[in-house]
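Order of writing sets the chain letters: A, B and C. Residues in each chain are counted from 1.
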Amino acid sequence: MDITVNILLTIATAATPLLIAAIGELVVERSGVLNLGVEGMMIMGAVGGFGAGYLTGSPWIGLIAAIVIGALFSLLFAIMTLSLATNQVATGLSLTLLGLGLSGMMGTSFVGLPGERLPNLNIPGLSSIPIVGKLLFGQDPIFYISIALTIAVTWFLFRTRTGLTLRSIGDSHTSAHALGIKVIRYRYLAVLFGGACAGLAGGHLSLVYTPQWVENMSAGRGWIALALVVFASWRPWRVLAGAYIFGAVWIGQLHAQAFGIPVPSQLLSSLPYLATVVVLVLISRNKRLTMMNTPASLGQPFVPDR
Amino acid sequence: MKKLLIALMTTTAALSLAATAEAADKLKACWVYVGPIGDFGYSYQHDQGRLEAQKALGDKIETAYLENVSEGPDAERAFERLAREGCKIIFGTSFGFMDAEVKVAKKFPKVMFEHATGFKTGDNLGVYNARFYEGRYVLGQIAAKESKSGVAGYIVSFPIPEVVMGINSFMLGAQSINPNFKAKIVWVNSWFDPGKEADAAKALFDQGADIIVQHTDSTAALQVAEERKLHGFGQSSDMIKFAPNAQLTSLTDEWGPYYISRIQAALDGTWKPDNVWLGIKDGAVKLAPYTNMPDDVKAMAEATEKKIAGGWNPFTGPVAKQDGTPWLKDGEVADDGTLLGMNFYVKGIDDKLPQ
Amino acid sequence: MMRLELVKRPQRSLLFSMLSPFIAFGLTIIAGAIMFALLGVNPLNAFRIYFIEPISQVWQLHELAIKAAPLILIAVGLSVCYKANIWNIGAEGQFILGGIVGSIIPVMFPQFEGPLVLPLMLLLGMVGGAAYAAIPALLKTRFSTNEILTSLMLVYVAQLFLDWMVRGPWRDPQGHGFPQTIQFGDSAVLPQLMPDAGRANLGFVFALVAAVAVWLLMSRMLKGFEVRVLGSSPRAGRFAGFGPNRMVFFAFTLSGALAGLAGISEVSGTIGQLQPVISPGYGFTAIIVAFLGRLNPLGIIAAGLVLALTYLGGEAVQTALGISDKVARVFQGMLLFFVLGCDTLIHYRIRLVGLAAQKPETTAKLDAAAKLGEAR
């Protein structure tokens, strides 16, 4: 029984940064903006979170720093794509490039230092209940934030007026503009939210997952988060499901190896990517479902005419 | 901004002249690293060696390096650049640099080249390597003593001889204490992905391993051991700071002494291409202080270390291959060629070696 | 509180389409100077080493050509995709597959030699890249699956496939167990252009030829018109009788073939064997090159050379000044940012609007340029 709980905990840790970054990107894409810079914002969050945590000795300050740095970094993207109407794909890619480079330069002095880890939740009585105690009441704080974010974003997008407005902007920025909605302002806020989430996801890497700083420690997780958003056809709960499925495949292949199943490890390592492709195909085959959810103006620059 | 620009312009002429004039009589020693020096692992340790050399030889030398050089066309350019920029002795630190270094060495016969872990030599090209497997034998013995479940988790990067050699040596060490000792092996296909290494460590612990060994560079696996109150071994550098209660010892690379001796030889004019495989006795392979273990285990580890330093080879027969066919007869010692090309497991390993 | 406001120009500004690359380069230099100053080195000296020194020696010019060739080849193909509004970002995978498929002859039939070997290898390389690119194209046309994500995911698969090949079936039996194939025979190696002066090989010629050919295709032929129409307005394209699905296949296979050609040229010309990693991210860097060159094949030649220079310069400052190699990445990112930002000036006028009072129109242009600098 213990092993099942442990595996579930491991999957949760692997899935949490993916979930958070993907939820942020989901809001961005729902507003009609495609930010391919998730990997860059994430790694900036990781270095910022580690740095602030290490220098102040408080992982909580690190956590806040990660969020702030992620948001600030995404501001660059927002100014470029929203105020200057540049191509979103190219701008996102250069954001990633810049993030990987800058984080490496900023982090030089943090290499080889043990970081501060955010403590796991520990509620006397509850956390020690067999099986469910650890799963429900004994995880790291960012895990709870990720679940809360999923709930909050679902509620925001589908239950509030502002959420409805945001989605309408994503579907047609021209009609939204015609209705007098401040398209650019909404998108700025969405991009900043996405950046904050990516930063938080990066903070999870350097403050919980592996409390240390090394170059390129995000190791492609930002890209997977991007895939998850499409995988989930822009639905928060499906992002959550996707992140956990992905985490399960990821952890599962390690367990399969440790168990001694003789499959080429390269094949096992490529499974998550192949699985993403397959699922992408499966969901996009269903035209109605995709059409309903895909933000129609995704990736198109918008310049309000006056 | 304008002011800054003007200020910059006025200093142009002076600087472009001054830049090349200094340091003509110092010997320039240069390094090419395959990873970023910020990896806190393999390339980091080589760079520590460079810094040691710089410190020891002071103003007799100057040093330079190129990091993150990918194996292939970039490597050839890296070596050529350093040779042209006046480096007198150049260390290439990754196996994949071999052919590039051979080519450039032919082109610059007056420059001294050294290549780590390769097997091609030349008139001005020497090779050096470290017998990390010696240390892994000690790790195996400690693991077998300290493990309660009799199972170790072994996280590995890629199935190259160096790594296979390490697994075999570790198992021989462990079997010398507990013939039924088992190791579960996970290939992560990366030298460096902290998240994946942490996940692998968790998976191995979950499947019953209680000691973690790694042939990857990050500290992540040890941090997991620390969290779970289990034990493990560090790799490349001393990782005790990351896992004060979990690290038993760490298998560290110490390139400094070698670099100092070779650069000193270059200074003295006595440098000759060499083919050395350094081990515990040369100080190139070191075991970090033994911690978190009882005194008798510590004594045993120290004794084994001494025995190996005295010239005993962990690959001394009788040893059988995985399928039971005999490999080394009683008292027979494996030759270096076989070790450097090792692509088979010894008896008692459950994993199937990826081919 | 200030905010930027874009005002569409009645037509694209000729002045700014000429000036914008220079403004962008100038801004990059200024930002770079600040960065160098922060790192504690003299910016002018750093710039001399970064941008001038690498192009002042013949052997380095050859290195520049070697580095630029794959970037240009891939970017030229990608420019067609992006003009058609098709987002192939998996060129890295197509490059790798081109390298693998192109190596079938020298690795599996090393006894087969002669003048036919090289053309066949190049052809196979192009087929390999094109076939791999056809996967996202097929998924997009059949199932309307987002090509950005499928092409990207296939990059990781290709990398692992290459890894498996060189560690498994294709490993050199005499290679001491190291992960690499046998060295290619002489007839499988792409010849060098001027062996006495440096290493540059035919790959650079391929890049130039491909750039000119695609430029002709795009500017002088109906196909190019079709690409542009479908790219800017799929509806109009359909009315004109152009098939969007055929276009997806055309753009993907063309760019895949060029990426594959780049892959096999790199393997045959500069590496001489297959190894676990054959590209330091050329497929991704080429995306930047395509945009730096404004999706114009001739512009891409220039952009490829500039980007290659940022790599060489990065190495030069590393050895000379001990600056981290991350500088090159930061430079590339900044350069692309500034180019994208300045290109906005071609189509738009930028006005700075204060919330209290609006500024007069005349000073706005100047402000815009200044603002661009401060914004980052």
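Note that a contact is a pair of C-beta atoms (placed from the backbone, for glycine too) under 8 Å apart; a residue touches a chain by one contact, two chains touch by 3 or more.
Note that the structure is a prediction, hence the values are computed from the model and not measured.
A count of contacting C-beta pairs for B-C and for A-C identifies A-C as the more extensively joined pair.
With chains reduced to the mean position of their C-alpha atoms, the one farthest from chain A is B.
Centre to centre, using the average C-alpha position, chain B and chain C are separated by 35 Å.
Put simply, the C-alpha centre of chain A and that of chain C have 27 angstrom between them.
For chain A, residues that reach two or more other chains under the stated contact definition are 104, 108, 264, 266, 269.
The set of chain C residues touching two or more other chains comprises 160, 163, 167-168, 324. Within chain B, residues 36, 189, 354 each touch two or more of the remaining chains. Within the complex formed with chain C, the chain A residues making contact are 36, 76, 79-80, 83-87, 89-91, 93-95, 97-102, 104-105, 108, 220, 223, 226-227, 230, 264, 266-267, 269-270, 273-274, 276-277, 280-281, 284-285, 287, 290, 303, 305-306. Within the complex, the chain B residues that touch chain C are 1, 4-5, 8-9, 11-12, 15-16, 19, 30, 36, 64-68, 70-74, 76-78, 80-82, 84-85, 95-96, 99, 119, 158-161, 164, 189, 340-343, 354-355.
Interface residues of chain B, counted against chain A in their complex, comprise 36-40, 44, 153, 184-190, 192-200, 202-207, 209, 218-220, 223, 237, 241-242, 350-352, 354.
Looking at the complex, you find that chain C touches chain B at residues 30, 33-34, 42-45, 48-49, 57, 59, 63, 66-67, 160, 163, 167-168, 176-179, 183, 199, 266, 270-273, 275-278, 280, 312, 315-316, 318-320, 322, 324-325, 373.
Contacts from chain A toward chain B in the complex involve residues 3, 6-7, 10, 13-14, 104, 107-108, 111-114, 205, 209-212, 214-217, 219, 221, 250-251, 254-255, 257-260, 262, 264-266, 269.
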